[in-house]
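Just below is one structure, and these are the notes that go with it.
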Amino acid sequence: MSYRTILESVQNGALSIDDAVAALKQADIEELGFASLDHQRLHRSGFTEVVYCAGKTPEQSAIILERLALRGECNVLGTRADQAVYDLLRTKVDDAEYESLSRTIVIRRGAQKSVGQVLVVAAGTSDLPVAEEAAITAEVMGNHVERIYDVGVAGLHRLLRQVDALRSAQVIVAVAGMEGALVSVVTGLVDKPVIAVPTSVGYGAQLNGVTPLLAMLTSCVPGMAVVNIDNGFGAGYMASMINQMGSPA
Amino acid sequence: MSYRTILESVQNGALSIDDAVAALKQADIEELGFASLDHQRLHRSGFTEVVYCAGKTPEQSAIILERLALRGECNVLGTRADQAVYDLLRTKVDDAEYESLSRTIVIRRGAQKSVGQVLVVAAGTSDLPVAEEAAITAEVMGNHVERIYDVGVAGLHRLLRQVDALRSAQVIVAVAGMEGALVSVVTGLVDKPVIAVPTSVGYGAQLNGVTPLLAMLTSCVPGMAVVNIDNGFGAGYMASMINQMGSPA
Amino acid sequence: MSYRTILESVQNGALSIDDAVAALKQADIEELGFASLDHQRLHRSGFTEVVYCAGKTPEQSAIILERLALRGECNVLGTRADQAVYDLLRTKVDDAEYESLSRTIVIRRGAQKSVGQVLVVAAGTSDLPVAEEAAITAEVMGNHVERIYDVGVAGLHRLLRQVDALRSAQVIVAVAGMEGALVSVVTGLVDKPVIAVPTSVGYGAQLNGVTPLLAMLTSCVPGMAVVNIDNGFGAGYMASMINQMGSPA
Amino acid sequence: MSYRTILESVQNGALSIDDAVAALKQADIEELGFASLDHQRLHRSGFTEVVYCAGKTPEQSAIILERLALRGECNVLGTRADQAVYDLLRTKVDDAEYESLSRTIVIRRGAQKSVGQVLVVAAGTSDLPVAEEAAITAEVMGNHVERIYDVGVAGLHRLLRQVDALRSAQVIVAVAGMEGALVSVVTGLVDKPVIAVPTSVGYGAQLNGVTPLLAMLTSCVPGMAVVNIDNGFGAGYMASMINQMGSPA
Amino acid sequence: MSYRTILESVQNGALSIDDAVAALKQADIEELGFASLDHQRLHRSGFTEVVYCAGKTPEQSAIILERLALRGECNVLGTRADQAVYDLLRTKVDDAEYESLSRTIVIRRGAQKSVGQVLVVAAGTSDLPVAEEAAITAEVMGNHVERIYDVGVAGLHRLLRQVDALRSAQVIVAVAGMEGALVSVVTGLVDKPVIAVPTSVGYGAQLNGVTPLLAMLTSCVPGMAVVNIDNGFGAGYMASMINQMGSPA
Amino acid sequence: MSYRTILESVQNGALSIDDAVAALKQADIEELGFASLDHQRLHRSGFTEVVYCAGKTPEQSAIILERLALRGECNVLGTRADQAVYDLLRTKVDDAEYESLSRTIVIRRGAQKSVGQVLVVAAGTSDLPVAEEAAITAEVMGNHVERIYDVGVAGLHRLLRQVDALRSAQVIVAVAGMEGALVSVVTGLVDKPVIAVPTSVGYGAQLNGVTPLLAMLTSCVPGMAVVNIDNGFGAGYMASMINQMGSPA
Amino acid sequence: MSYRTILESVQNGALSIDDAVAALKQADIEELGFASLDHQRLHRSGFTEVVYCAGKTPEQSAIILERLALRGECNVLGTRADQAVYDLLRTKVDDAEYESLSRTIVIRRGAQKSVGQVLVVAAGTSDLPVAEEAAITAEVMGNHVERIYDVGVAGLHRLLRQVDALRSAQVIVAVAGMEGALVSVVTGLVDKPVIAVPTSVGYGAQLNGVTPLLAMLTSCVPGMAVVNIDNGFGAGYMASMINQMGSPA
Amino acid sequence: MSYRTILESVQNGALSIDDAVAALKQADIEELGFASLDHQRLHRSGFTEVVYCAGKTPEQSAIILERLALRGECNVLGTRADQAVYDLLRTKVDDAEYESLSRTIVIRRGAQKSVGQVLVVAAGTSDLPVAEEAAITAEVMGNHVERIYDVGVAGLHRLLRQVDALRSAQVIVAVAGMEGALVSVVTGLVDKPVIAVPTSVGYGAQLNGVTPLLAMLTSCVPGMAVVNIDNGFGAGYMASMINQMGSPA
């Protein structure tokens, strides 16, 4: 039972106060043995717990996603999910959606909104899986999302013709591998906050993304902050929190 | 001459169109030989160029600060400045202010505002120079700033009694050295964006701040992004951009 | 022959003093060609040699485990064992037990005890293989073990409701991946020693566990010491040594 | 006022219940502006807050030490203190003691005890500052401490003649720089827990202590856990917690 | 004696063939005890040995510079020289020149030329010492050198207005600290080779220049190669070799 | 349509000025959805965009290669391509060529030239894939290329007998794994620029090529610059730019 | 033809002086296209070129091994060879021998000798592949080799009972993974040179052998030098050179 | 008293057996409080304990050196000693010698010998302090030492003209900073063992000697082993052990 269901049951007399207190406590944390679902998260942080599927068995991931969806108050998101999780989940939640490029699972629940504008900019074709994880995360959290892809600094004119689009966003997620120079250039062109995402695209001295991570952290341009390598989810989440401050529903 | 002065001179006939075009171009970039001042920054990014004094001679820093102040449209900020810069600057700009803890120089110009709420949280007494750099940066950029200091997780109750204060901010700057665990805990308690600043406070395996930097980047809590080690300025600047989105003047 | 068998044979006259001296020396170190079993370990360190199976062929691991079990004085433990080791071993030691999550093999021998209280706390579902390796190690060494899982700091209330349980342990093993902040928070809440185990759960800047390792080493909270990444065995062993000091059988 | 003083004032009627509640809350956390003293620590963790003086001004350190001493319930310890802190402190607390080798300040308060046995072993003469920080920390916290110094593995017989002393300790703090091999050898000889402290003694590939830190973490001998480089304090504190479990006062 | 002097002495009969052979061998390598001057370098590599003064005593540096100047065939260059070297040298070579910003000593000898065009571009004021070392090296080696300074990507328009100047160079030396993004942007705008020089300007995650070094090595733009951190000399030398290929005297 | 086709159509009246402007803009950047082809590159940088196939699906790589080939003005190069890309591409571009050792795809278009001399030197047999990538890149870009392979410094006489060949090149690409000492030795023997390519050949402390990368960057011999580990393409490209300066068509 | 064959042909008049000179030059370096065999190595360094098979195709390795064996003057050794190399080689050299543990191929040629004494000591069972590579290398090069395995410091008495054996060697190869402490202990016990080989056995902070490598380099005991991680071959080769100095045939 | 003195006293009746046993035990380890002198070292390892002065007070170093000299059986060596140690020592041991370049103190005692031949080769003038530490160490230990300095690979002919000298040594110590390529080249030219010493000479990517350390460890030439960065002492000691095997006194 969600908080709302419990409270409505109290209001209409279907639940005594004592039973409601017990139900609320149980509603808060749902023990699955291998996991303690934090249902308070939606009310504390504005979005429900997101399921990082990479370190879990497909069974564990599918059960957690299903349990979260049963609350029905909020979209549910799974990241780093492979097809096996989705196949299991579909047998129980038939409207779950899967995007194989970004490896995300989405279950749409509650009221859908799409406010403000988050812009996801990516340097190259190889960065798209990370960029799409960011874009889908922001969309699922209720933001309007635009995309500009393959505008790395090797051909600067590709980016410069997009300056108006860059300046019309509320918040920008900038995704780049290799040396990540795109992020500094983009941040220098706008007056809105930029969330930088280094990717592991490249080889040798790129060190699986450590190089653009360090480069973004030491950028000569202020107005930017950085998330972990390949962490499209974290960037989309942060962009959503910022965008929704400036975009009251 | 600032853009405004040039345009007013055109309006009242004191400047011909041709002279105004020349003045505008000159106004955009001011060549000092050792530096090219980017006066367009205010109009492009919302705040004038900030002077990083660490890699410059006191003379260079003082001249640049003075030239920026002459524009008169916007507060001027110098970071990582030592007393020698300030002493030189004071002979020319007598209302310049210096804070030795944060090593910042401020020259107040243009309309002063103080909108929204930026909260700066710091883990320990040794983190205060960085925390104050963030706080002063945000204040100078026109934000209302609150501070909560010495609330590291060793005594968690010190932080937990501040939960209401944490939740009332628009954006939080969280500053921590050692292992930086404060940032994860703070982010887990609020529904607003957090800018994390690792500091170089600690020794041995703390690696001059690399450890909390890595820890913050890999936090298990979403809703946070990270700036460079000891980069209070970058955090305050980013917080200002976010806060002002949600806080129209 | 174990020490006990030799000594009993002397007592009942079945073995001369000279033969017994020779037997004792041989009993001390058993040469298998590819390995020198250190049977003195039980008497020197309080527990018999534990078999790290990862770097050995299944045949080598199985033979060593069987030889140790033949001593009969003490439980025998194999770590990082895969199914192939177990299948081989079972043909010779039919009461050997295998846990696939923790990849441990246990052969129960000698008197079984369960003293004091070791508490194993883990941050997330993905940390369970390491946490279970610690728990099983401590159990096999004769300690009473409790578990609290999936209490990472993203949802701090999940941990805070367990404070009484935390404080009732003699020694705590705290297991966490990502940035490992759970360990600092737990240590700040208790007055008993904490053994911290960083795990390789995470990606990018998590650096396969180096990040929480460094974070735990530089924690702002005293009363904790750290073992190698993913080293559940080492933590459980250390916790056992501490717990048994405070818990005389 | 300490908890005890407050409670005695209630008992003898000098303080009303309401005033006592307010006093207790204030007693818990003492706000100094630049620091929030965590007086609850003694009751939560068994020892009062220890003052890390390295990142503080001498004035800040001296004030904090003085305030902690005023509670009068427990010995007070300052680490990484230089002579300037001590000189300031002595003007206010005339029985404060300073050891320049370990850079520790001690103020003895409350009942003095000396239970169990902590043994501090150090590899070389250059490791003594760290070893002494560990020894003094453990002594101040109420433990009986023994020392064995300059027994590095280059001359193994120096260590082997101390085996009986090693085995008579409750817990061992092993301090070593260079490659830190002493720690593995000591741990292999005993059946009690060992706290390993790598030091920054050495040059080149010793990497300011990173090398023995890594070596100790990957030791082939179980029964050991590791603290930060040069962290004698952390090792002494941890040893105290372990020793006091096995040594009821 | 230089090769030329020896050969002229043979031509005019002042030196026998046997004496000339001995002189040539001695001319090739000049033994100073603490150094073996490689006078063959001019004829093998096109420029005489350059004196890296950082690791030598002022006396050693001054003697080597003087000996090289005595050959008289080629300009002589000392790098990383402090005032003490220059003061000593001036007592013997009164036309030696010293630039304190770049810490270079120049002694002009042989025919002076200035061919082609090397362009040195630098991102910020703090990068000038390195940029000037590159510029002076190239000038001393006989190249025409232009400079464009303080055109970092934070204000991209400062660089874009210089595109014609960038495209008119034969070879570009691009100098940048922080994250070094300037180099990728410059290389993307031109069709001539770029020598990239990372500088140690920055702090924290900039890792004393390792970050822009890695970034430049992994740039998404081809047509660039990289020299060591702060190695203005190496870049100027390489640029000279390239420029002189396309610019026959 | 290529620029040439458009301009010829204008010249012969087949295209109006307005249509030509639109065509030119479209010709500049070709949007494929997953990629924005930068057709301006040929005119800006002297060679068309090179396709890095490693991070793309075979379909994406094949389409991009085909589209570039349709321009018909310039050879087309794909790097890090596997057989699947080639098989797909062959169905559309039947004269595409594939070299499995270097994993390069070449489509020959436009006028073929072969100027100057690029020499590729490699230390060992295992370095050949990287060396061949460099050689083919330079050939495709219109340079005459020579190769000297397996001349590592373990048998220095193998290299020394090639000194005349080394000295006859315009520019040298030196490829080496292990410790990369070949590069320093080669650079010391010639008076032409050397592009150094570290390879990941080796194990342990070779750190997948980081060791020769660092070694080459800190070489005691000037006249060399370095590209990323295993980056044969980048070295061949840079060598081409240098060689063509000194070798006018 | 080997040097010997050529010279004998001259002696018996079968070869003219001119033909012999040409043959000698060809004999020196044998060009295989993909490799330049350095046949001078035997006469310059005392042993023929050893074939590192890891980076070569099985065909390349087999051909090189066969060509070296044809010289007939010296044993031939291939390292890091898999079964495929051996299977190919056997079709041409039927007395080639393969050891799968150490992955070495040996072809015995020339006079066989076995002088002095090289002792190979290894810490654990998992280190045997590296230890055997060292032992076989030394044997093939003509040294008498002894082995002592599984004597890690966890059970120090296993090593101490071998002190006489340790002291009877001319040179010791000490092989250890984990933290590598065995090497320091062994070196402290003997008066002969020790060659230390770190292995990649271990996990987490062992960093694939970097940790024991660093530890051995910073050992507190002189009389030891270190080779690359897992480099049994290099250690055996070095030990042979030392052993044969003290053991004239 | 030395072993010899004690035994002679027994022989001539000046000492009873019981007193002699006590004296022998005391002779073995001399406790100074801050140090345990290992007098057994001379008899176990062939040379007395060498005093590393860097981590000790001048007083401690001077006392230890004096005590070792009192034994009178063997030369005494102090390394990393500054003038203060020497000034103190001279007041007690007036024939002590100090070399400021290598920072070594030597006290000559016992029979002086000079056997075999150790050759110390150094790449540049800046490497001389390390090279001299190696040379003096070997000399003090009784070896004949030759030196060849400033023969880095930038001018390869300087080294090649010394090939005969290289080949006449019994063992070579090769010292190099920057990228350390000298070591590979030297090892490829000789058939005797080479001890490689990387130095911290260089900047930026040289990483204070880590780069040549890694390069030497991964050299493509066998017959070499490596000691710690700047560790001239360790190299000289190792070279002595090797040289004396092949050079019976």
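Letters A, B, C, D, E, F, G and H mark the chains as written, and numbering starts fresh at 1 in each.
Keep in mind that, in the parts below, a residue touches a chain if its C-beta (ideal position, glycine included) is under 8 Å from a C-beta of that chain, and two chains touch if they have at least 3 such contacts.
Quick caveat, the model's predicted, so the values are computed rather than measured.
Undergrad: Which contact partners do chain A and chain E have in common?
TA: For chain A paired with chain E, the chains in contact with each are B, F, in label order.
Undergrad: Work out the mean Cα position per chain and let me know which chain is farthest from chain B.
TA: Between chain B and the rest, the longest centre separation is with G.
Undergrad: Tell me which of A-C and G-H has more C-beta pairs in contact.
TA: The comparison resolves to G-H.
Undergrad: Could you grab the centroid distance between chain A and chain F? Build each centroid from C-alpha atoms only and quote it in angstrom.
TA: 39
Undergrad: As a quick test, compute the distance in whole Å between the mean CA positions of chain B and chain G.
TA: The separation of the two C-alpha centroids amounts to 61 Å.
Undergrad: Return the distance between the CA-based centres of chain C and chain H, expressed in whole Å.
TA: Distance between chain centres: 44 Å.
Undergrad: On chain F, where are the residues touching two or more other chains?
TA: 124, 154-155, 188-189, 204-206, 210, 213, 217-218, 228
Undergrad: If I apply the definition of touch given earlier, which pairs of chains qualify?
TA: So, checking each combination of chains, I get A-B, A-C, A-E, A-F, B-C, B-D, B-E, C-D, C-G, D-G, D-H, E-F, E-H, F-G, F-H, G-H as the touching pairs.
Undergrad: Hey, which residues of chain G end up touching chain D in the complex?
TA: Residues of chain G touching chain D: 123-124, 152-156, 178-181, 184-185, 188-189, 202, 204-207, 210-212, 214-221.
Undergrad: Which residues of chain H touch chain D once you look at their complex with the stated criterion?
TA: Residues of chain H touching chain D: 28-29, 34-36, 38, 40-41, 49, 54-56, 60, 200, 208-210, 213, 228-231.
Undergrad: For a test of understanding, state which residues of chain B touch chain D in their complex under the given definition.
TA: 124-126, 128, 149-151, 154-155, 157-158, 161, 177, 201, 203-206
Undergrad: Along chain D, where are the residues that touch chain C in the complex?
TA: Residues of chain D touching chain C: 44-46, 50, 170-171, 188-193, 195-196, 213, 217-218, 222-229, 233-235, 237-238, 241-242, 245-246.
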